[in-house]
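The data blocks that follow each hold one structure.
Next come two complexes, and both contain chain A; in the first it sits with chain B, in the second with chain C.
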Partner chain A sequence: MVIETNTLTKYFNKVKAVNEISISIQPNTITGIVGRNGAGKTTFLKMIAGFLKQSSGDINVFSERPFNSLIVANNSIFVDDEMLFPDVLTLREILVEGNRFHKNWDMNLAHKMLDYFSFNPDAVHAQLSKGKKSTFNMLFGLSTRCALTIFDEPTTGMDAAVRKDFYRVLLKDYLAYPRTFLISSHHLDEMEHLLEDVLLIDKGKLLIHMPIDDLQEYAVGLSGSALIMECVLKDQDVLYRETINKNTIFAIVKRGADVENLKRMGIRIAPVSPSDLSIYMTKDFKGGIDDVLK
Partner chain B sequence: MSLNKVNYMSLVKKQYQFKLKAYLNVFNSLIILQLFSILIAFNPTISHGMSGYSYHGSLDSYTADFSVVFTLLWGFITAFLITTRAYREDDYTFVTNNQTQVWSNSLFLLTISFLSGLTAMLSGSLYRVIFYFAKDTNEIIWHHVTLTDFFIGFMATSMYILLFCSLGYLAGTLVQLHKVFVFILPVLFIGLLIISGNAGKNNFLVNSFLFYFQEGNLILFTLKILVTSGLLFSLSMLLIRNKEVRV
Partner chain C sequence: MLDFDSTKPIYIQISEWLENEILNGQFEENDKVHSQYSLADMFNINPATAAKGLNLLHDDKVLYNRRGLGKFVAENAKQIILAKRKSETLKGLIQDVVIEAHQLKVTEEELIKMIQLSFSEEKGDE
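Up next is the complex of A and B:
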């Protein structure tokens, strides 16, 4: 196992940012970490990177406690849009430093990407635009070829074309040099084809940790008239329900129901994509954004 | 994928070399300060006037020691500065932990102590040259400086700067641990000055100053400073060991 956590918990001033998460992550996999803003994804990832120390529970990365560990620092890279680079070094010089610090560094890849994304090698990181910063951080992270590469919302500010390129270069580089990736993102629908596992976190708690293929089959959406739906839902494992109007109820249930039977009862059945599922499962039962405007 | 092992000392060396490049801009402020110190040194520090029945004379003393004073302050501030968030997090973009960071920072500060000690001494020479051309008088009595004097001056200045650097680093580390030290430290400093001023000659603070400043033997003096600043850096390392980054 590359990462193992056991009831990992982190408080910030009595607020539980991460609440008893226990997972293990296999080497050479790509895991997507999804959840709403403030769900605790970043805190969780920073504990793995060794930046933050847990309040309770255990965490092991490469069989070491990551906080202050040189083994973890040497074999992992944490990429987000707040990465700081010295402001006297140009992009080209930053790459040279990356090469000095990271043994597996691929300078060829770094320079090719620098060229492809049309960076001026003599530019300074602090003066790049938001999207460009994210792009540079991403190419830095990929070039390190660290055994554990953590991307925390790497696509912030990137336009759609760059995001697409990023997913592609990540997948290709992963196939050529298998290593462990953790990627947190709000664009699960765009990344589905990359991911092997998905970790869904809500309010600091782990909701789901399973292969993306299973997640695609995990749930179905049902909608039908309120009367019939009320009956049907009693026997189902309901993940989400919403009253569309007086006569219609929409619900997401764990797969396993007798689909043919439901169809005969006049219930419409629709597949639920992992992306939609993660949105529905982390929705507060306070109604939607529409209710704010009422 | 197999893991890469870490050699502690070679990592410290890498970080040190990185800092020599990445912290280059600290020298900009040094150059400006030392040039400024030459400028203000054109005011005499002491003036003597003499007049008798048939003559009138005056003696003005000039010194370039301001340069050393400014450099000491610069050392303190620079050391303080590299403990701040931006500098600290730069390291975490590459490879580091709390201990190797203090090691490489103290090596960096040791290096700049010698470099700025040298330029502080040399700015004294520059001052003499400018002074010679700028002052419209032939009656200049030079204080003669031999090569040995220069070396002793250089070593002593560098050691003082190192001491100030290690104090600045500790102060910066305390402030990183808790912002309240921004207020506590100056109050403590001024308070101690007042207390030692009132307490007369034989108090702890005066004695500890004398312990360093009255040491006549250069080798002993160097040892005293090296041990003291080593202890101060170790204290910083001890204090920072549980500090989280990028909170």
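Up next is the complex of A and C:
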């Protein structure tokens, strides 16, 4: 295992940002970390990178405690939109320093991407636009070829074309140089084809950790008349339910139900994509956005 | 090609795509098929997903393993694929049609007539 956590917890002023998360991540896999804003994704990733120390629980990365670990610092890179680079260096010079810092650095890849994404090599990082900054940080992160590469919301500010290129170059480079990737994002639908595993976090807690292929078949949506639905849902593992109107109920349940039988009862069956499932499972039961406007 | 918006899991789409390649003769018996890595590159998907699609076909005995060399098309692969599609895909489609007919109050006879009509139209097209 590259990463192992056991009841990993982090408090900020008595608020549990990460609440007893226990996971193991296999080497050379791509894992997507999804969840809503403030779910605890960044805190979790920063503990893995050794940027933050846990309040309780255990964490091992490359069999080391990451906080203050030279081994972890040497073999991992944490990429987000707050990466700081010295203002006195040009982009080209930052790449030269990257090469000095990271033993697996690929300068050829770095220069090719700098050119492909039309950067001026003499530009200064602080003066780049938001999207360009993200793009540069991404290309820096990929060029390190670190055994553990963490992307925290890497696509912030990138336009659709660049996001697509990013996912493609990441996959190609992973195929050529397998390593462990953790990628957090709000756009699960955009990156799900790239992932092997998905981690869904909500309010600091781990909701789901499974292969994306299993998640695609994990749940089904049922809708039908309230009377029949009430009856059917008693025997189901209900992940989400919503009353559409007086006579109709929509629910998401774990797959396993006898679908043919439900169809015969007049219930409509709809597949639920991993992206929709994660939205439904992390919805607050306060009603929806519609209620705000009432 | 693959449909990422489809509700069908990608690994199943991969195995069906390979089945089609075998059915239309892109791969003959005992030919080596794509590796999980070349499928991942071709379709822009995680290699684990591609491997799952390949393993599905291995479980169905459409492909066989040669250690260290990869996966190859089994000798009666075409027959296996056709038999599987008849028993699974066609049966499922018919089940859906029957349920829908039931809800629309279409009788068995009417439905059979509709199927026969569809058959004769198909023949007319040829």
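Basically, the second predicted complex is superposed on the first by the 294 of 294 C-alpha atoms of A that agree within 3 Å, B and C clash if a C-alpha of one lies under 4 Å from a C-alpha of the other, contacts with A are read in each partner's own complex, and residues count from 1 in each chain.
Convention: a residue touches a chain if its C-beta (ideal position, glycine included) is under 8 Å from a C-beta of that chain, and two chains touch if they have at least 3 such contacts.
This is a predicted model, so every value here is computed, not measured.
Participant: For the three-chain model obtained by superposing on chain A, do chain B and chain C clash or fit?
Facilitator: fit
Participant: How many degrees apart are chain B and chain C as seen from chain A, counting from C-alpha centres and rounding to the nearest 10?
Facilitator: 150
Participant: Using the touch definition from the top, say if A:S273 reaches chain B (first), chain C (second), both or neither.
Facilitator: Only chain C is touched by A:S273; chain B is not.
Participant: Using the touch definition from the top, say if A:L194 reaches chain B (first), chain C (second), both or neither.
Facilitator: The second partner, chain C, only.
Participant: Which holds for A:E217: it touches chain B only (first), chain C only (second), both, or neither?
Facilitator: It touches chain C, and chain B stays clear.
Participant: In the superposed model, which partner reaches more residues of chain A, chain B or chain C?
Facilitator: B
Participant: Now for A:N104: first (chain B), second (chain C), both, or neither, which partner does it touch?
Facilitator: After superposition on chain A, A:N104 lies in contact with chain B alone.
Participant: How far apart, in whole Å, are the nearest Cα atoms of chain B and chain C in the superposition?
Facilitator: 17
Participant: Using the superposition described at the top, list the residues of chain A that contact chain B and also contact chain C.
Facilitator: None.
Participant: Over in the complex, which chain A residues touch chain B? Could you list them?
Facilitator: Chain A reaches chain B through residues 27-28, 46, 50-53, 62, 67-71, 73-75, 78, 82-86, 88-89, 93, 97-98, 100-104, 147, 177-180.
Participant: Which positions of chain C touch chain A when the two form their complex?
Facilitator: 4, 7, 9-11, 37, 40-41, 43-49, 52, 95-96, 99, 102-103
Participant: Okay, in this complex, where on chain B does chain A touch?
Facilitator: Interface residues on chain B, with respect to chain A: 1-6, 8, 11, 14, 17-18, 21-25, 86, 89-90, 92-100, 241-242, 244-247.
Participant: Going by the contact rule at the top, pick out the chain A residues touching chain C in the complex.
Facilitator: Contacts found on chain A: 29-30, 167-168, 171-172, 175, 193-196, 211-213, 216-217, 260, 263-264, 266, 271, 273.
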